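Below is one structure, written out as structure tokens, with a few remarks after it.
Here the chain labels run A, B and C in written order, and each chain numbers its own residues starting at 1.
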């Protein structure tokens, strides 16, 4: 599968119109200088030769060097990874905390005003375009109120706006899921039994209700991985967050082939790996499922 | 009774609180004594002063702080001033002798020698980049440790102008672009680190040959691509200075008591090239009609107010050998008449390619399309990704192209000779007389004689319209009041060597 | 990998599916479908007919009227309800015309991705064997890419144009439909009525079209309505990254993206289309939920 991914990426990247040599040289380029630069990059060779060379290098873990930075492309990708992981982890943590809170609150009194309000909010959260939300948050919290920094990475404060922007959609999805789950399990016989035998409410919730929610929550997180990746790309662009998403966008714009190949393959592999992890977790949580 | 929050989320909540508290301790104004933080809108591709990025503005600006050149141009006195070369003379029209300043050291501790100058010239020719053509015909010879002779294949009137662009590097510098990751020069600041897409950090060179310079300990250039992010960071004090603002931001910041706004000239001109090798733009009447159909001052008073003024020549008014031309004379009726005269009474269809790298280019492109539509020039506006746009541009694969260029060396030759000689194949316009004038000017050493030739070149370009010259860019510098004694430069290349910061 | 949305059909026979379809107004769920559908239809009509009523010329630059706030009276006496943009163009006109672009993209991509994905999925599930193996490998390969990432790559490859955006967004979604359709086909092909049709000598294509497709349709329709909202957001995100609908077509994503430089001075340029978009996506989402509840009673919200 990864072989297929690698090939597809190689082909897409080469078919993208636009010349990496031209970007590198800018408006001061001349046709001769561009031709020279192409030769230097090995781009004047036939596609099949380029592909063979590329595969041979990839086989030994060499993704080539960035046209712009001259450094190994894979090292650049790894360098950007922590920033993206930090952002994603913060967003998922925020999602879990807030959606459990909101979901429990809504499930406490079904069809109350609070339930209704939370329901509408979570739907709105799912409908808001995240890049727009990011801009509005910058306008309100960084510019008008001056509470939070507007860009970049550094202190935990820098993390707040991007993480919130990234998590809003997820929170919308998860809150609805958790509310529905609690409502459903709370009516089950075993929960009623637990209550009847005098178990304190927190213990009922933790031992019986939340535990049974784990499987659907993990499943839903797995389902949302794709939109999480999409969100990371957009949010990193809005907040100048120096992560993988921004790396990919700039590398595509610059036609920095080695970096595009390394980063997109890496993200695709990560994506496949995480999906597998979700499946395995699912199997671990639910004894009926055997993953073979 | 209220269902309490479960154990798992409670731990997570605690974690969030702790994180937030630790953040509180670290947050606060970023301003540090002795450190000047500047945000730039462009991406730093490389710091190699001779490489492919050598003509990129941000690379030149950073180069000003890292490197010195043999000579500098003094726009006030209108003459070249000594820098690393203390004195120089022209032995004959093709031979120049430079005497180097004694006791200058590179950041790595090595001495400035004639050999370093020779390496630098060789490097500019070997590491291919925009400076390569400027030094293609130059050879250097170190006649003694502090004396270097430059020979040119033919008389080269622009040699001194070109030298103001050439950052001198140590004699042992390799001929590879990797040097750009760890540049070493003699400049007022030494390189500390570069984190791609994030920041470039420089620190004061305490052994700098000009006494009392630099005045700040640390210079940090941070990369904030979004305009709103840059301005917000300036307002909150996260950064001290930025440039390239929009008219709207300028108007808003002018009311601020903590931020100063200053406007300066640039070497930059923006234009709409018309491909004279394609129908119907091969007809000079059509090209002139387009020039007259554009209401340039309506654009400079609204969309680009304060960041551009109408162009008065193919090159900027502060560029050496600039010659003022009369306005095109905006008149929709006149433009229609000229189109009809050329046989296009029913209008023409053309495509305009552009790239949104320049400030407000989107709005300018839309305005141009709207204005031309009024006289029957139906424009298909194609915004291209940079990678495709540059490629199409140099292949002449366009009808109209909206772009701009800086006369990097501050000399008319840099823009006029490079772009409008038919040998350059940049605009599709071919005129043997123009070629002859440009060739003659390039090999003329006397400045006054050179300028007479360039004056004629500018007249031809203005009336033959291989492009409509739209604006002369202005640069806006916005800085917090803690930044002191910043002087507005005469071009878009500024220096912070003499700037100090209040604690 | 997995496809999001409803479960494959086939656990119950065609009779069960048919008996469920009572008149819409007769059930609470049906009324919800109607209510949200009416809202959506109103938006759709506004998007389709609006451009005929509200004039908007992307070339209609009026520099003297730029950056007017919402409700401002222009020099010619007209009132700009949503204000004007950086070139003096009416923002209301832009939003109305943008609705058309946005709906065109979302609608057509879901139809294209839905049809092609369903065809591939049914074929794979029904035929089995080597065809199935190859098609499943293709689907898995497709699903190995995070959707927007693939869209970014593809959009950069084929360049920005309306048709290309439709193509790109169709490519990133077909696999989800294929997966679901295959699941349904696998479950259905062993059913008695399919066996019966086969025994009666019906051709493969007849079985596919007349028997499998109608019975696999319900979950696919549910999935399609859910995908529309996603596609609207994806289009806007692509445009925001500069890879979507080309300038100067007034797609919402383009308008928001261009308005971001004016956030401080003319907040309405980026904010108003964003709010309108949120509302539309919200109503599409509600409609999708209502349809799902109505068609799939086992699903408890």
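Points to keep in mind about this one:
What we mean here is this: contacts are C-beta pairs under 8 Å (C-beta built on N, C-alpha and C of every residue); 3 or more make two chains touch, one makes a residue touch a chain.
This one's a predicted model, so the numbers in the text were calculated from it and none came from an experiment.
Of all chain pairs, the one linked by the largest number of contacting C-beta pairs is A-B.
Chain-level centrality, scored on Cα centres against the all-protein Cα centre, points to A. Subunit B and subunit C, compared by their mean Cα positions, are separated by 45 Å. For the pair subunit A and subunit C, the distance between mean C-alpha positions equals 22 Å.
Per-chain CA centroids place subunit A at a distance of 37 Å from subunit B. In subunit B, the positions touching at least two other chains are 226, 228, 385, 388.
The set of subunit A residues that touch two or more partner chains comprises 16-17, 135, 138-139, 143, 253.
Taken residue by residue, subunit C touches two or more other chains at 156, 159, 260, 263-264, whereas all remaining positions touch fewer. Across the complex, subunit B meets subunit C through its residues 226-228, 231, 246, 248-249, 251-252, 298-299, 302-303, 362-363, 365-367, 369-371, 373, 381-383, 385, 388. Taken together, the subunit C residues at the contact with subunit B in this complex read 58-61, 63-64, 66-67, 86-87, 156, 159-160, 242, 246-248, 258, 260-266. Within the complex formed with subunit B, the subunit A residues making contact are 16-20, 22-31, 33-34, 36-37, 68-71, 76, 93-94, 96-97, 100-101, 104, 108, 135, 138-139, 142-143, 146, 149-152, 155-157, 201-202, 204-206, 210, 238-240, 242, 246-247, 250, 253-255.
Of all residues in subunit B, those touching subunit A in their complex are 1-9, 12-13, 15-16, 19-20, 22-24, 26-27, 43, 45-46, 52-53, 55-56, 128-130, 132-133, 177-178, 180-181, 195-198, 222-226, 228-229, 232-233, 235-236, 238, 385-388, 390-391, 393-395, 403, 405, 418, 424-425.
Taken in their complex, subunit A has these residues touching subunit C: 1, 4-5, 8-9, 12-13, 15-17, 123-124, 126-132, 135-136, 138-139, 143, 176, 180, 184, 222-223, 225-227, 229-230, 233-234, 237, 248-249, 252-253, 260, 264, 267-268, 271-272, 275.
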